[in-house]
Structures are given as C-alpha cells and as structure tokens.
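In what follows, a structure is listed as structure tokens, so that the remarks can point back to it.
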Amino acid sequence: MSYKTEELLAVCIARLIRARPTRHIAVGAASPVPAAAAWLCVKQGDPLHLSLLHKRSGNPFTDGSRELFDLTGQGRIDLFFLGGGQIDGQANINLIGTGAWPGLEVRFPGSFGSAFMYYMSGRTILFREEHSPRVLVDRVAHISAPGTSEPGVFRRGHAQALVTGRCVFDFHPDLGRFSLASYHAGESVESIRAMTGFEFDVPEGVGETPAPSDAELALLRGAVCDEMLETYPDFCARVFERKAAA
Amino acid sequence: MAASIPDGAMVAVPPDNSIPSVALAKALIRRRARGLRLVGVPISGFATDILIGAGCVAEVNTSAVTLGEAGFAPRFSAALKAGTLVVRDATCPAMHTMLQAAEKGVPFMPLRGLIGSDILANRPDWMVIESPFGPLIGGSREKITLLPALHPDVAVFHAVMADSAGNVWVGRRRECATIAHASQRSLVTVERVVEGNFLEDERLCPGAINATYISGIAIAERGAQPSALLDEYGFDTDYVMAYARAAKTEAGFAEWCAEHVFDNQAVAAE
Amino acid sequence: MAASIPDGAMVAVPPDNSIPSVALAKALIRRRARGLRLVGVPISGFATDILIGAGCVAEVNTSAVTLGEAGFAPRFSAALKAGTLVVRDATCPAMHTMLQAAEKGVPFMPLRGLIGSDILANRPDWMVIESPFGPLIGGSREKITLLPALHPDVAVFHAVMADSAGNVWVGRRRECATIAHASQRSLVTVERVVEGNFLEDERLCPGAINATYISGIAIAERGAQPSALLDEYGFDTDYVMAYARAAKTEAGFAEWCAEHVFDNQAVAAE
Amino acid sequence: MSYKTEELLAVCIARLIRARPTRHIAVGAASPVPAAAAWLCVKQGDPLHLSLLHKRSGNPFTDGSRELFDLTGQGRIDLFFLGGGQIDGQANINLIGTGAWPGLEVRFPGSFGSAFMYYMSGRTILFREEHSPRVLVDRVAHISAPGTSEPGVFRRGHAQALVTGRCVFDFHPDLGRFSLASYHAGESVESIRAMTGFEFDVPEGVGETPAPSDAELALLRGAVCDEMLETYPDFCARVFERKAAA
C-alpha cells in the first residue's frame, strides 16, 4: 500500500515507543506525527496513558499549566517528544536561535519546557522532519537543553532516538553520539551523511526503514485519525484526507 | 483599567491557551503604555506580540513567544533584532517556580533540569548550589538551581465571569490563580457578571479566584479573542494568521493596529 | 483496597474538614494493619485517632491531632504517653511544603517562620541555611529553613464521585490533589461512580483529580462519616462526641471499635 | 445593659482591631470570640475582608488548605488570632504540651499553623479566656512559636495584645514583655498579678476595661449573631441565646 512520509514517520516512532516499557506519554501541541504514533500504539492495544497538551476539550490537567512539569518532576512521564531549530551530534537541542544570544541572527520561539523535560522524562524521542545540514549541525549555536549532563546533575533520561524525514538515529548517552538505525526508502548511508552536519556511527548491516504494514496504515487512517480530528484538523485533512464533521 | 497600570510595571500576561485579556492589552496600546516588563505564564503569545509591536514593552521574561499555528511572533522577533527589547529566556517550569515562590512568600525555590543549558548561563539571577537533601549522585551532592521569587506588579487576564462578591471564575486555568496570588494587583476582564457567590457553590468554587486578590474587574465581551476561552469560544486561527502576515513589517503592523486596536475600542478595559 | 496497603506504609490521611476516607481507615483496622506511618494533611483527626487506638500506627507526622469540637484525640494522647507512638510535630505550612516539594519533584523547599520554635529544634531532618536570595535583615542574609520532600507511599481519601475514566472529584479540597501528586499510589473511596469524563466538563474539571494518579477506587457510601463531605453531609458531632467519651480508656475504645468497626463493615474498602 | 464575659471580650478585641489599620483578618475554627469581634468591626462599618477558616459553606479558599498559609506568606493577612495551652511573659506560645517533648505530661493537640502565622501575619492578637498561673506561665514548657525572633529571621509581625477573661495585656516586642492595658470589672492589678505566672509592667493609670456600649451589644446580639449562627451554633445559643432555624 502506498503511504505518505508522515505515516512512515508515525510508524517509526510507534516502533520506538514499543521498544521500551512505556506507561505514560506526554505529547506537545505542535506534534501531530508523535501524537499519531502514540495513538497508533494505543490502537494496537498497548495500555498507554496519553496526556495530549493543549487539547482543547479534555485537556488532561486540572492544576493549571504547571501540572505537566510537576507530573514529570514526579517521574510519571516515561516518554516526551522534543524537536529543535538545531540539533547537534551530542543530542543538544537549540530552540533559542542563531547568532549572538538570545538569537540575534535567526530567533526561534524559545525553549518552552525543554530545559526541564529533557532531563526529567524517562526518555525523549527527538523528532524533526527537516533533515538538512542547517538543522542537524555539528554544534548548536545555543543549548536550550543538553543531550547529556555532567556528574552530579539529577537526570532521569536522555534521547532514545532522533527521527527525521530521511532516517532514524539511535542515541547513545554513554558515548554522547548518534548511530544510524535505518534510512528511509530512497536514502542511503551516503545521502544521510551528505545531509547531516554532525558525525554519527554506522553499525554493520544498517538498512532501509521497514515500510508501514497494511494493518498499521489502516489503523492510522481509521481509528487514529478519529482521535486526532479535533486537535489536528489540518494534519488529518492533509495526511489522511479526512475532514471533521462540520 | 489600563490607565491604572503605570509605565514600567511588571505585568504577568498568560499565553493564548490560558485566557489572556487581549482586550486589556489593546487598551494598554491605546493608552500608549511604555516600558512594560512582561512575564510569560509560562510562555507568551498574541497579546505580548501586539504590545511589543506597539512599543509598550521594554523587557520580556518568558520561555517562548509564539503565535502557535500561525508561527513565529513577528514583532517580538523584530524588536529583539532591533535591540529595543530585553529578552530573558527561561524554561516553562522555571517561570512557574518563580511565580510559585512569590505565591508562597519564600525568597526562592529550587528546580531540577537547567544545568548545562545556556538558559542558565544567561541568567545571572539564578544560582546553582549543592542540594543538602536528596540523592547522592555519583557519590556527591546533587547540583540544583535556585530561582528567586518573581513578584509581578500586576497580573492581567480574562475570566469567564465575576460574581456579586468580586470573585472571578477561570475554571481549569489555575495558572491565573497563581499569578493573581504572586502579583501585587490583578486586573481581570470578564465576559459577564453574575449574581451570587462562587465560593458558596461547591461546583464553581474550585475554578474561582477569591476577590481578595482582585483589584479591578471590567466586562469585556469576547475579551480573550483571538485567544480561546475554555468552552465559550475557540482560538481564531484566521485572525491570528492575518495578523502574522500583516505584522511581518512595521508598516504592516501599524496598519493592522490602526484597524484592530484604535478603531474598535473595548471601552470597558480603559 | 485496604489489603493493598502493606504494614509499615507511609499513608497520607487528610483531617476531618478535608474528606478523609474513614471507611478505608476502618478497613485498615479490620485487616489489622501494623506499623503505619501516618501523614497529617496538614493536621490529623478522627480517622487517625481510631487507627492509633487499634494499634495500626507506629508514627505520625503532623501539625496537630484533634477531634475538633469534641476535643483532644484520646487514643493519640494515650499512645504518645505510653511511648508506643512516635510523634513528629510540624506546623501546617511545613506539611504542605514537604508534600509540595514531592509534588514538584524537587528534593526540598524553603519555608519562613519556624526559627526559634522547638518544632524545628526537634526536627533533625530540617535544616537552616542563609538564603542566597531575598532581603538582607539587619545587614545579613536571611536565615531560612529547608524542608525535605515527603513522599507518602499511599494517599487515602474520600471523594464525592468518580467517572467512567477513573478521575475523581474532590471540589475545593485541592490538598487531596497535592497528596495524590506527592504519593506513589492513591486509594480513593467515593459516594458514587458516574458516566462521562470530568476532564471534558469545564465546570467539573477544576475540582477533579486525573486518573493517572489514582491506583484504586471503591464505592463507600457516606465513606467520610463522621467527617463532613462538602455540601453532601456535615460533620457528625454527636458521633464523634460519643467516640471521644468512649475512647477515654483502652477498654472503652475496644468496645466502641467492636461495635462501630467490626460489626458494621463497608466491604467495598477491604 | 448587662453582658456576658464573651461579649466583653469580643468588644475588647474589636477595639484592638480598630486601633491599627486592618484590611484582611483570618480567624481560626475554634475562635468564636475573635470571630464575633471581627464581625463587630464589619458591622460597625470597617471595610474589612474576613477569611473565616473551616467555614463550611463559603469557605474562602479555592486552592486547598495551603491557601491560608500562602496568603499569609504573601503578606496579605494583617491580623491573625492565636491561643495557647501555655503563654509566657515573652509571648511565646505552647500548643505542644508539658513534660518532656513532645508533651509526655499533658499533650495539647499540636502547633497547627502557629510556627508560621505568628511570624508572617501583620500582627497577632493572643486570646485565651482562662487566665490562671497554669496557662500564663513564666516560661512555656515548649515553644510552638516564639514571641520575638533573633536578628536575621524574617518576621513581619508580633503579638499586639493578649486578651484573657480577666484583663488585656499589650505586648512590646522591643522589650519582649507584656504591660497591663486594663483589667475587667471585678479584677484589680493585684488580682491579675496573683493569677499570672509571668512578670508584666503596670503603666501609670491603668484602669478597668470599659464595658461594652449598648450599641456594641445590640450589634453583637443582632447582626453579628446572624452571621455566626451557621458556623458557631453552640456559641450563639449559649452567649446570645439564639438558635439557628432548623
């Protein structure tokens, strides 16, 4: 069955979620692909608790907007998603901007909760669809949140992986380096290297990212899309070609 | 009401998903406020961008400034580059923590995370200590950051309704209660005023803020728009998209402002 | 449900004005729990006194134990004198602060007051430092007390209702939310279970606690009695007065217990 | 007009409230006399905000039971009331008990919020109807909350006065001592000295506590009682001889 890139990425992320024990996932507002991945796991039968931030009806928080951070501080969030205007080979992320602090060249919106969530979540999946030397850099201009921490700093988790429009990287916090896990159809180790600004390891036998199965695609386009229509109408229209009832 | 906020005041303004009083922000523009120091709760949105665009803002202390689906905040970015705006970058739970320290009447509170972030490196007002409590990490004491209490002069937000006793109802948007507690004064626009006392109604009470924190209330129907107000009305994406396009340039912002701020007054919030 | 609370567990139990689950306290007595370490939120009442009387409690960490209008808590006083109970005295905001530190996932939080009180002198787990922030007092840094986070194993309370999604509704008694956040597990008795999802109702949501914190729910009608439950029923002064008279002696307590705990089971909370 | 002791004490406290600027008073659960005093000020026209703790309907707090302490931490409570199993000449209060810590001889219920409220309220009126050497001692067995604080401790306020069934003492935080302000009808400086376990100063010209005026008594028995019937039915029945409608 043919599929859209977003569907492939959602399936990639869903596989990463299922690769480790996961009870509670929080998904940010601007994250339809991670949200689709989390819903896919739920619809595949995983007993997951999803907290969808900025969901207008049924917003999960009753203690104001600090509750997500308190919840994460308590160690109850097993998995969070982060992106970045820049991401570097040590999994540092930059949501501040480029040029002199605080982003005098290009200013991104700001760090949001990253400088806390990246440490205090059980683990983080980094997701950035654009895969270019502009985004995946050797060294971020500014660190909103670091990929690893010095001794003496309380840190519950690190990046598990980085999923882009071209490949999946695994992150190794002990080494502070990414390794290529798989490249998407149409890419190769060489094309990934050409489009990536940081060095990464290439294990033996790295191959193509498996395509979504028919069952996965059917779930995404059916039950997952049903759940997402209210919060992400544009995404559902574009990717799944479905519109919410008026 | 905007007249009571002096130039230079530190003003806490919640973002688009947390019932900002856009009506009062527009009134501040009309009264040509200057030198405001805005506090994001914990981030900043549309109301902050228009205040910056109109030259009302000297400084913003926040975790992000964004128009959500409509993208980057154009007047914020422009002012930052022009060097007319001091930006103190934070991270969301740090904003909450600094406000909660003020709420609790303590001079500081600790927060994990942060260490190794350039946010911390650029906050000389934050301090890393060795925690006297908590786990030993690698045989030594945990390093942890202490953040000072942040006391805004004024909290400005919108609420669904006020009652006869001057209590206001914000429902699940309890961060509005925190800024009301942390701030010297709170100025609130509301959709409507109703008879009775929310505090005597077990169903309404948990989403109410006691009148003791509220210095002023004004009716401003649809006063959060284009931001959303709980189940009363949604985020007006088209309006904010149109703003984002217009406000790409200073001239475009001025034109937008002439039409949407000066021509369309919500007199109640003056 | 009481069966899931192991001997020796640290259990947060709210006082009479804050919807304790007396039903679950009685179930703990019936299962002959031992060595419980009770946490007052921030004080302790009837439920704590009967648990102490029945020999379930090794330690109580609280700001006061009282039966309100019915006077001193007789079994608490007797156990303290007999030396069978460790009492860690605190002051109300210190209990809140220690629980909020756990809620926020920080190892400690500061609190003013305390210095010069014998409460502090008897709390080797608290620590006075010079505050790096805040006003200079008499030219020197303010002395302030740091309190460690308190992480109960189980929060036990009563709620008005639960919904189909496992959320519970406690209304204005938000300290129940704090202990739910601070504790590993929360066990909640409710008057009733209703259809729907409180989180999707803007009116009910502010008084709700998300199912993510709740490990177990059991229906126990009038499960807070003799304590009050919001506007559902009041404090049963006569019942507590009768208890206070009976429980003056160990034999009187045993008799009261035989009649009111063992003969009158609320099976749901077992 | 004849009056009950509780009425005299309420009027004494109301006069102490009005002696200093007061916007917001918090009154504890077990305090019908201070509550009556605060209501009397309100009914006399003072623009006071009253927070009556443990009031069942219309409880003022919507942020749980910590809100009183947060509110006081913020500096918004101008006046609070405290009692004590023992009170000593330095205005130290003991709510713990006597004998070895934590009250092995006589155990009182505990310190409640006193070890915070006494420092952080704008001021405190101490109230204890029993005036005997057992209660008013030279030195409390244990300090729940101290009357004065060492340098370097943040303290917003102290005791303004101690009102008992026999007299009114003023407190002088600079001296750490009480002085007799007035004695109630039937008492004298000597009788107060005999019944007080601590030393206190007696200024020139100390006299009898003025009796409640007819206007004060009328307000207490009318409008004040109306407000108190729900929260303090027993007190209203006993003192004002009025019962709540069934």
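Chains here go by letter, A, B, C and D, matching the order in which they are written, and residues are numbered from 1 within each.
As a working rule, a residue touches a chain if its C-beta (ideal position, glycine included) is under 8 Å from a C-beta of that chain, and two chains touch if they have at least 3 such contacts.
What you see is a predicted model, and the numbers here were worked out from it, not measured in a lab.
Chemist: Any idea whether B-D or C-D has more C-beta pairs in contact?
Modeler: Looking at B-D and C-D side by side, C-D shows more C-beta contacts.
Chemist: Taking the mean of the CA coordinates per chain, how far is chain A from chain C in Å?
Modeler: So the centroids are 40 Å from each other.
Chemist: Between chain C and chain D, tell me the centre distance in angstrom, where each centre is the average of that chain's C-alpha atoms.
Modeler: 28
Chemist: Compute the distance, rounded to whole Å, between the mean C-alpha positions of chain B and chain C.
Modeler: For chain B versus chain C, the centre distance works out to 35 Å.
Chemist: Going by the touch rule set out above, which residues of chain A reach two or more other chains?
Modeler: 57, 59, 61-63, 69, 73, 120
Chemist: Which chain B residues reach two or more other chains?
Modeler: 104-106, 111-112, 134-135, 142, 144, 172, 174, 177, 205-207, 231
Chemist: With chains as vertices and touches as edges, which is it: line, ring, star, complete or other?
Modeler: Contact map by chain: other.
Chemist: Output every touching chain pair, sorted by label.
Modeler: The set of touching chain pairs is A-B, A-C, B-C, B-D, C-D.
Chemist: Residues of chain A touching chain C in their complex?
Modeler: The contact residues of chain A facing chain C are 24, 49, 51, 57-63, 69-76, 120.
Chemist: Going by the contact rule set out above, which residues of chain B touch chain D in the complex?
Modeler: Touching chain D: residues 102-106, 174, 177, 181-182, 197, 199-200, 205-213 of chain B.
Chemist: Which residues of chain B touch chain A in their complex?
Modeler: 17-18, 41-43, 62-66, 68-69, 72-73, 76-77, 80-81, 87, 89-94, 96, 100, 111-120, 122, 134-135, 137-138, 140-144, 172-178, 228, 231, 234
Chemist: Using the touch rule from the top, collect the residues of chain D that touch chain C in their complex.
Modeler: That would be residues 29-30, 54, 56-57, 59, 61-66, 69, 73, 95-96, 101-104, 107-120, 142-146, 149-154, 234 of chain D.
Chemist: Note which residues of chain C are touching chain B in the complex, please.
Modeler: Residue list for chain C touching chain B: 97, 104-112, 127, 129, 131-135, 142, 144, 146, 148-149, 171-172, 174, 202-207, 230-231.
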